[in-house]
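Consider the two complexes below, in which subunit A is the common component and subunit B and subunit C are the respective partners.
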Partner chain A sequence: MEIDIFKNKLVPKSRILKEEEEKELLEKYNISKKQLPRILVSDPVAKALNAKPGNIIEFTRESKTAGMSKFYRVVVA
Partner chain B sequence: MNEIIRDKIGAIEFRMLSPKLIKKMAVVKVITPELYDADGYPIDGSLMDLKMGVIDPGLRCRTCGGKVKECPGHFGYIELARPVFHIRYIPLIYIFLRSTCSSCGRLLLPQAEIDKWLKKMSEVDDEKKAIITKIIINKTKLIKKCPHCGAKQERIKLVKPSTFMQGSTKLTPIDVLERLKRVPDTDSELLGISPAAGRPEWMVLTVLPVPPVSVRPSITLESGERSEDDLTHKLGDIVRTNQRLLENLSAGAPELIIEDLWDLLQYHVTTFFANNIAQIPPARHRSGRPLKTLTERIKGKEGRFRKNLAGKRVNFSARTVISPDSHLAVNEVGVPEVIARELTVPERVTEWNLKEMKELVKNAPHKYPSANYVITPDGKRKVISDETRGAILEELAPGYIVERHLRDGDIALFNRQPSLHRISIMGHRVKVLPYKTFRMNLCVTIPYNADFDGDEMNLHIPQTEEARAEAEILLGVENNIVTPRYGLPIIGAIQDQITGCYLLTKTEELFSQEKAAELLASIGIFELPKKPAMKKGGVKYYTGKQIFSMILPDIDYIGTSKNCPYHNVCNNPDCKYKKVIIEKGELKQGVIDAIAIGAEAPKGKLTQAIINKYGNEVAIDFIQKAALLGINFLQRHGFTTLLTDTDLPQEAIREIKDAFNHAEKKIDEIIKEYHEGKLKAYPGRTVRETLEFKIIEIINRARNRTGRIVESYVKPNNYTMIMAKSGARGGVLNLALMAASVGQLSLRGSRIRKGYRNRTLPHFKWGDIGPAAGGFVRHSYKGGLTPTEFFFNAITGRDTIMDTSMRTPKSGYLQRRLINALQDLKVEYDNTVRDASGRIIQFTYGADGLDVTKSDHGKLLIPKEEVLK
Partner chain C sequence: MTLPPSIEEQLKELKEMLKLNKAQMEKLRKIAEKQYEKSLIEPGEAVGVVAAQSIGEPGTQLTLRTKLLAGATEMTVTQGLPRLIEIFDARSEPSTPAMTIFLKPSYATSEAKVEEIALRLLEISLEDISKEINVDLLRMRIEIELDPAKMKKFKVKEKDVLKRISEYFKSAKITTGAYKINIKPKEEDMDIKKLYRLRVKLKGLHIAGIKGIKQVLPIKFGNDWIIKTAGSNLKEVLKLPEVDIERTKTNDIFEIWRVLGIEAARNAIIEETLDVLKNQGIEVDVRHIMLVADIMTNDGTIKGIGRYGVSSAKASVLARASFEVPLKHLFSAAVKGEVDELRSVVENVMVNQPVPVGTGMVDLRVKKGDKK
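Take a look at the complex of A and B:
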């Protein structure tokens, strides 16, 4: 049975960044991909998005204090 | 030379020292156990040979020519007459002996399999290599015949600590050395020693490196006698035994004697590495103290890492007992003069302070504001004494640095352990005072969690301009009123200070101008409120609210007090008396209590309002004045706590009795229902659990009723009640405990069930599950408990003590680990949280980028629309 994990309200919205966006992000924080938080390719979210190692996933989280906030993780093997 | 080289450490690899390398890095071969000749000069070829470096000032190293601080020290070596085992390699040697052939030295696996594993190993990382090694060791365990030479394998046993037995014969280090030499590089790699890291036979020592003298410095005692380091002692033992063994070998002594000496040498070498191994008696000093050898130097809390590298001793610090002083400002600390004379602040002499500095030097060293040292422009440090004072005074000129005594207004860091908080260390202004304790304002006891039952605190004096600026701006008490934990003041009035302000602002009493002026003068205010409340016979009268308003800045504030000040039980939820109104710095209505000027959690709202409008300096001054005003008023007013505070009128006692009787009757009914099997279980619960819930519920209801009864019957001038209502200390519950009933005792979240078979105490019938048998205390502390009630009370009391004494170290260790893990995280200028190597942990601090300290209980101070603009 295939379950769409994004339907669960506890799973934050996520998408894979496009190449230009990746560049923009790394430039914004003046970092290399190594310095980003990581996520395993085997993570359910990464699997569902069909992410490859090296991709950056953008998470949009909702929180009581911050409203909306963005978080980025690089996919690693 | 002075260029800083920055690079990242990719990896650290540890390898074994080969005998060849040991000899190569050594500058001398140590052969004599004696250290000094008759003149006290180090003997060549001894453990103190001058080639190994110098520790005496004046002498020069015979290897590099450097003086004491220049020469890094050089290794020597001891040629062991017979090889011995390195105690730390015993487990690895054991693996090698068991997994390789006793005759040909090959790994006990067929060649094909060896090749297969070797190929696998070349492909994987170090972590996986270790796993492969483990698999191989397990595979070879069962093999009885060598697949290479066909020799039968006898199982080898390790007799701790360092003897290997093959059947009934003992394997000497020589035998083991020979066997390890036969192991080919490829097989050794599969067992965990890659050829790059070394050869397995190096695990058996044939030469021993002797650490430089700078690693084991000797101390010259006052009597001129020399006292050697523990390591030198141990090395002396090794050299002595080694020489004896050598002599006996060349003289062809009987095998028995040689065996004994060999074992002794093994013992000394083992204890040189580690002196706390099981089965080996620790080597002792002449005094009976165990020697501190290599392992003990590094390991544990007292070892190099935790004692000297992770934490260090500091200068310019002091520690003594603390005591309270309400007349000090909140951001001051009282420093005893004896300490102020010892702690110094370096001050650079300039044209403008030359006169002042000269005055200080003139006073040295006996008078108080003076100086201890002078540092000349070329960096020489001179003590000021009666003899040197004249000369120093003469040469003192701009460019010199005077280390002057601590004096009023200097900034200092004040700290109380355990430093669980950032506010456990704050910057205070020094106030030099007589006597021998540190003095502090009572309002800062909360962040430090200090009391005065013998607590000691530490004081540190920042020595550079940057450190002083940091101590003032980042750590200053006035800049830490609001805690970063929840954004409300953690510094505020406590206990009697709150009671005082409460009574002052509540009282109907009018203060004559004389009394008002006196009270205000006691907190340093020398004017009266503008408009008197009343004039009578030419004398002006003022209200308490007016007097309190004198310390308020021009502010508008609307808040609520903790309780309605006029009714014991106020049933009106929006009772107007609860409202506190301040208009233009004038307290118009309501009382000042813990909610307004207290500290911690929902308290300190008025302080917060003042911070928001006027900032920290005004707020800290307000806190200090309010606290002092409270105390001074209370002193004049009179305040105590009485036994009669817990007295209740007859009706109240009857009502309480009725409440309990009613509850007991109800419980009896339910228990009866339970026994008759008529009780219905709650969903997901057993019948027994349901019964328990119901009993507890009824008891709680009865208890709450008694609380309300107590509240409604106590007199308005009840001191305990005043403290409870103002939030100064204790609550209505504490009063009820003393006056009405202690109530249900609970042991680990439920009623008391432990004890005897089917009952809690022999005083009850079998199967008694009623309130009394379950730890319900119907009586009050003042009224006195029955023997069973008293016993149950002791049970829970002891359990609480045990629980806290076991939880404290556990949570302390958890805290330590958390701090170690998080200590290098930092908010960067772009608002990201990063670790030391620049890895991002959070993209915006706390996802909202909010500094809680600058917020109002976590809420923004400015409306959101303003921020967005």
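Take a look at the complex of A and C:
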């Protein structure tokens, strides 16, 4: 039986960015994909989203200071 | 400018409380935006050093004692400084793994039900349910005498035990009597040494429950009952239908990484650190801990704050060499022909240049040919 890991409160909401959104994000911060924090393809969240290396995953963190904040990780092999 | 959601919420609350009109609201928002911008960290601020000091100083007040009794029971959990070191060093296993298991509402209220579930969680090995496990040298076999009282207590049936043993020993003659099991291995070259080794293995043979759960303890938490355990196995526990996946947690950060992913591990580092500090009555701003957790999980794996972790990931050779074991780093850098671009702090201190921190971050450039 597979567990739905997104039910756990430690796991933030996450989704794969579309191509336009990726471009927008990289332009906004003026960076390349390589400079983003990473997440492994073998990571349970990346697996659950069926992400491929090169995808960017957006996490909606519940932040103790800001209430809510977005965080991005690029999927690497 | 966009304000963070928590401030937006406060603004909304203020609006309702003071019954502000649109113009007043706009004015308030302007002020809030200005204050928010003021409170942001300036580019070039050495946040890492500030975080290190902010955690390090109160760290001197933490207890050095490793263990503390959790409540009136015999369960021990590492706390204080040893636990803090464990978290930041990213040890792959905590010295005292423990879980807090929450149950779904329909199970959580009745003590009897919770106790029944707790008993099912507990890892039971053959040793736990047997009176004796002996080696019969004369007949070259192992004799097991089961303990009916213990088996009743742990709700283990004799036939399940037999099934487990015959699964484990595919090539052995197994004879049974009343609560007695005799195992005679069929291998030709069986000697006494091997037999004794087999006995040790048999003692630890997993019969029932969840592997890794060494102790269970149902305790009252508000109106509900929860189960605290010594030993941890998040993956298997979450699979149980009675368990509330949302709140159930473990103190094994690497296990959280394996089961729930790197973002969950980051959150776990923050929560565990805050927990340790709160237990000792120390307050450290979350921002510092968030920074440390972000650095530790930056590359998708958990890296400790130390020579093999975060420090080994630094781009500069001199910075790495300045931390610990300089010769090793210098030699390997020489072999690889590494180049140090002197972009960070330590290496610039070494070569007596202004460091790129604060006002040192900015360069002056002159535009040529634009004389007036």
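The working rule: the second predicted complex is superposed on the first by the 77 of 77 C-alpha atoms of A that agree within 3 Å, B and C clash if a C-alpha of one lies under 4 Å from a C-alpha of the other, contacts with A are read in each partner's own complex, and residues count from 1 in each chain.
Here is the rule we go by: a residue touches a chain if its C-beta (ideal position, glycine included) is under 8 Å from a C-beta of that chain, and two chains touch if they have at least 3 such contacts.
Predicted model, so just to flag it, every value in this text is computed and none were measured.
Q: Mind working out whether A:29 is in touch with subunit B, subunit C, both or neither, as first, second, both or neither?
A: First partner only.
Q: Going by the contact rule set out at the top, does A:37 touch subunit B (first), subunit C (second), both, or neither?
A: A:37 contacts both subunit B and subunit C.
Q: Looking only at subunit A, is it subunit B or subunit C that touches more of its residues?
A: Ranking subunit B and subunit C by residues of subunit A touched puts C first.
Q: Using the superposition on chain A described above, determine whether A:55 touches subunit B (first), subunit C (second), both, or neither.
A: neither
Q: Using the touch definition from the top, say if A:46 reaches subunit B (first), subunit C (second), both or neither.
A: second
Q: Go through the superposed model and pick first if A:4 touches only subunit B, second if only subunit C, both, or neither.
A: A:4: touches subunit C, not subunit B.
Q: Please indicate which partner A:69 is in contact with in the superposed arrangement: first for subunit B, second for subunit C, both, or neither.
A: both
Q: Is there a shared patch on subunit A that both subunit B and subunit C touch, and which residues make it up?
A: Looking at subunit A, the two contact sets intersect at 37, 61, 63, 65-67, 69, 71.
Q: Quick check: in the complex, which residue numbers of subunit B touch subunit A?
A: Going by the criterion above, the answer is residues 830, 832, 834, 837-841, 843-844, 846-850, 858.
Q: Which positions of subunit A touch subunit C when the two form their complex?
A: 1, 3-5, 7-12, 14, 37-40, 43-46, 59, 61, 63-69, 71, 73, 76
Q: So in the complex, which bits of subunit A are touching subunit B?
A: Checking each residue of subunit A against subunit B gives 29, 31, 34-37, 61, 63, 65-67, 69-72.
Q: In the complex of these two chains, what residues of subunit C are touching subunit A?
A: 4-9, 235, 238-239, 245-249, 256, 258-264, 267-268, 270-271, 286-287, 290, 294, 297-301
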